[in-house]
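The structure under discussion appears below in the form of structure tokens.
Chain naming follows the written order as A, B, C and D, and within any one chain the residues start at number 1.
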Amino acid sequence: MSVRTPDADDNNWSDDSEWRSDENRAPLSDSGNSINPAWLSDTELIQIRQKLPLAYVEAVPVRLDGLGRVVEVGLLLRATPEGRITRTFVSGRVMHGETIRDALYRHLEKDLGPMAFPQLPISSVPQAVAEYFPSPSITQYTDDRQHAISLVYVVPVTGTCEPRQDALEVTWFSVSQAVSESVADELEGGRGSLLRIALGAIGALT
Amino acid sequence: MSVRTPDADDNNWSDDSEWRSDENRAPLSDSGNSINPAWLSDTELIQIRQKLPLAYVEAVPVRLDGLGRVVEVGLLLRATPEGRITRTFVSGRVMHGETIRDALYRHLEKDLGPMAFPQLPISSVPQAVAEYFPSPSITQYTDDRQHAISLVYVVPVTGTCEPRQDALEVTWFSVSQAVSESVADELEGGRGSLLRIALGAIGALT
Amino acid sequence: MSVRTPDADDNNWSDDSEWRSDENRAPLSDSGNSINPAWLSDTELIQIRQKLPLAYVEAVPVRLDGLGRVVEVGLLLRATPEGRITRTFVSGRVMHGETIRDALYRHLEKDLGPMAFPQLPISSVPQAVAEYFPSPSITQYTDDRQHAISLVYVVPVTGTCEPRQDALEVTWFSVSQAVSESVADELEGGRGSLLRIALGAIGALT
Amino acid sequence: MSVRTPDADDNNWSDDSEWRSDENRAPLSDSGNSINPAWLSDTELIQIRQKLPLAYVEAVPVRLDGLGRVVEVGLLLRATPEGRITRTFVSGRVMHGETIRDALYRHLEKDLGPMAFPQLPISSVPQAVAEYFPSPSITQYTDDRQHAISLVYVVPVTGTCEPRQDALEVTWFSVSQAVSESVADELEGGRGSLLRIALGAIGALT
């Protein structure tokens, strides 16, 4: 399955222009957009995607029991413009000047809402590294927009998830449901394997 | 530095006999102590220590900032019978029939009190594995009582630590203080190196 | 599936008495067996198994391509006394006085022969930690003899595997075959899940 | 210490123009440089560095003993144009269309020569993730050219290292020497801390 990752740079997923320009503005910038060299126009982003791998972070939201074991796995649900249901992780670019933790926090808040209360990982080392390529022949992960290198973290959330209104929902699965074939088929870009890898890395596969 | 690990099996550290017998009682037992085959007398424990490596868990308590970065490291303080100050981690045996998570939780509560509210690790894979031997020539970690294999976890605590009354205190250090030579010299059994390894494993060394 | 792990302490798997007494002799011993306090008789081992968790190491042998990717997974094959085929990992106890690396090396040589040329892991932190209990209700891993805590490593081998003659063979599978349901059903003690976890931890699940 | 990372994009470190253009050519390209959209001119690279974090891989070469323990750590030595000695890791960009493993292999061969025979990691998850910023106030790692996100691997080498002629040498240190203050002071961009973190992650700090 090779569909586009929903992130702020993608016209297909959002026409929320203010959000998009916020997304494209680098965290380091403290001046107006018009003269900020770190600001990427859509045209520039398209060009850069042909020339460099882009750095991404992804988060798999989970709920834990009192002993720290994974009880449920949260996956974002979305209908494609063609009406097909797809699922994905919390996901997005690391901006220029932004730390990985800041990027994780920003995308978690954007996709899960301000009341999700995620527990950011104590380790900067991710549970998995995923390499997305436009061509499916290089790795098992595909993104038809770009070559992306993604650091994937399993992130416990303790609050209430309220995804943004652009067609996102969070569905909570048991671990065995989440890694089932039927859910894997709905996960975009090969993230069915990636979910098993990330859960395996913390010993949470059954 | 080769001193005894403070755990419930050690007569030198506690004359709290009820606690000790509780410690020695296996979690699986549901009958009286006198006929429970999983109960270990002190004599038996001494004998077994000559014959098998014992399985331990250890926890390094830390405090985090809002982005999950380690801000402070908690070390247990104790005066030896000879009056020397030593520091150590939360530490103790895994009992027969007890899971690693249960053992971690039990020892965290025993050493930090019921209001510490530790966040048990989502991964069952530890940050470090330490092998303690009576002889200092085999590894860098020593325990003059036994050969112990210890799974070491970095554990965020969010509440208030109130160590038990048997001479334990928790001292909070910045990361750079915690890994300094002077603190390393006070950490028993070679845990100065082990602390650097555990913090390195989560990318928290400076 | 709850069957016995093949290791040197198990009468069912071997009547090779010299090997068994070698296995039971602690590496630290330099005196005769009759007076060595670290020597465990079969009776003692049975008793100790009721009282303490035993420390194990396990290795999943793999073959790599030139870029370090897992190409094949090696599983040990054996027929049970009842004639059923089971598969397992390289596996065995850590002896008193023996380091984890020494135990890994010893069991790899015992199960794969002297020409397997395993590359022992550079990290002492395992890919997975498995907790085996006699009762299947506590974790997903079972061992009807004992409570065992096992450190599981993925170990590349570069030479030729010649398992010992006691009914063991090494079968090489592609990664997708190795984690298939049919192979998982043949892996004893719940190691089907464990194999997925260990391969997930290194990003090698497809 | 905030100095430039030696990589192929940096005019200060090399006037080997053929090597540089090879470096700048994307692995996916199969056409002439003049029309390859993945080719980055120096001007473009300078511009992109103001707008995006760049993806890097780094390798810490080590020599192992027969049981897989780190015996020596290899650091690249170089004299700056000002005559100061600095040390660093094997390091370089991940190109568009190139996998992390391919990038690791390419940079290892470039910096250590064709006879180093590195053992690429079985896990795609790195030992550490380093975030380099031009400003020293954001993380402990600095690179005055760019914001770089670097995946850091510890890589055993079994052959002979013959660094390229542009002023590079490999110096082998014991672990305790490699993490000493004096060597840390010579490591550029904050890699003294990073080396401790990477060695800690595999349990190899003493």
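As a working rule, contacts are C-beta pairs under 8 Å (C-beta built on N, C-alpha and C of every residue); 3 or more make two chains touch, one makes a residue touch a chain.
None of these values were measured; they are calculated from a predicted model.
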Contact-richer chain pair (by C-beta pairs counted) among A-B and A-D: A-D
Chain D against chain C, contact positions shared by both copies (same if over half, else different): same
Distance between chain centroids, defined by C-alpha means - chain A, chain B (Å): 37
Distance from chain D to chain A - Cα centre to Cα centre, in angstrom: 28
Where chain D touches two or more other chains, by residue: 99, 124-125, 127-129, 201, 203
Residues of chain A defined as touching chain B within the complex: 62, 64, 66-70, 99, 101-102, 105, 119-125, 127, 154, 156, 201-204
Residues of chain D defined as touching chain A within the complex: 26, 37-40, 44, 48, 50-55, 94-100, 124-129, 131, 133, 138-139, 147, 149, 151, 201
Contact footprint of chain A on chain C as seen in their complex: 128-129, 140, 193, 196-201, 203, 205-206
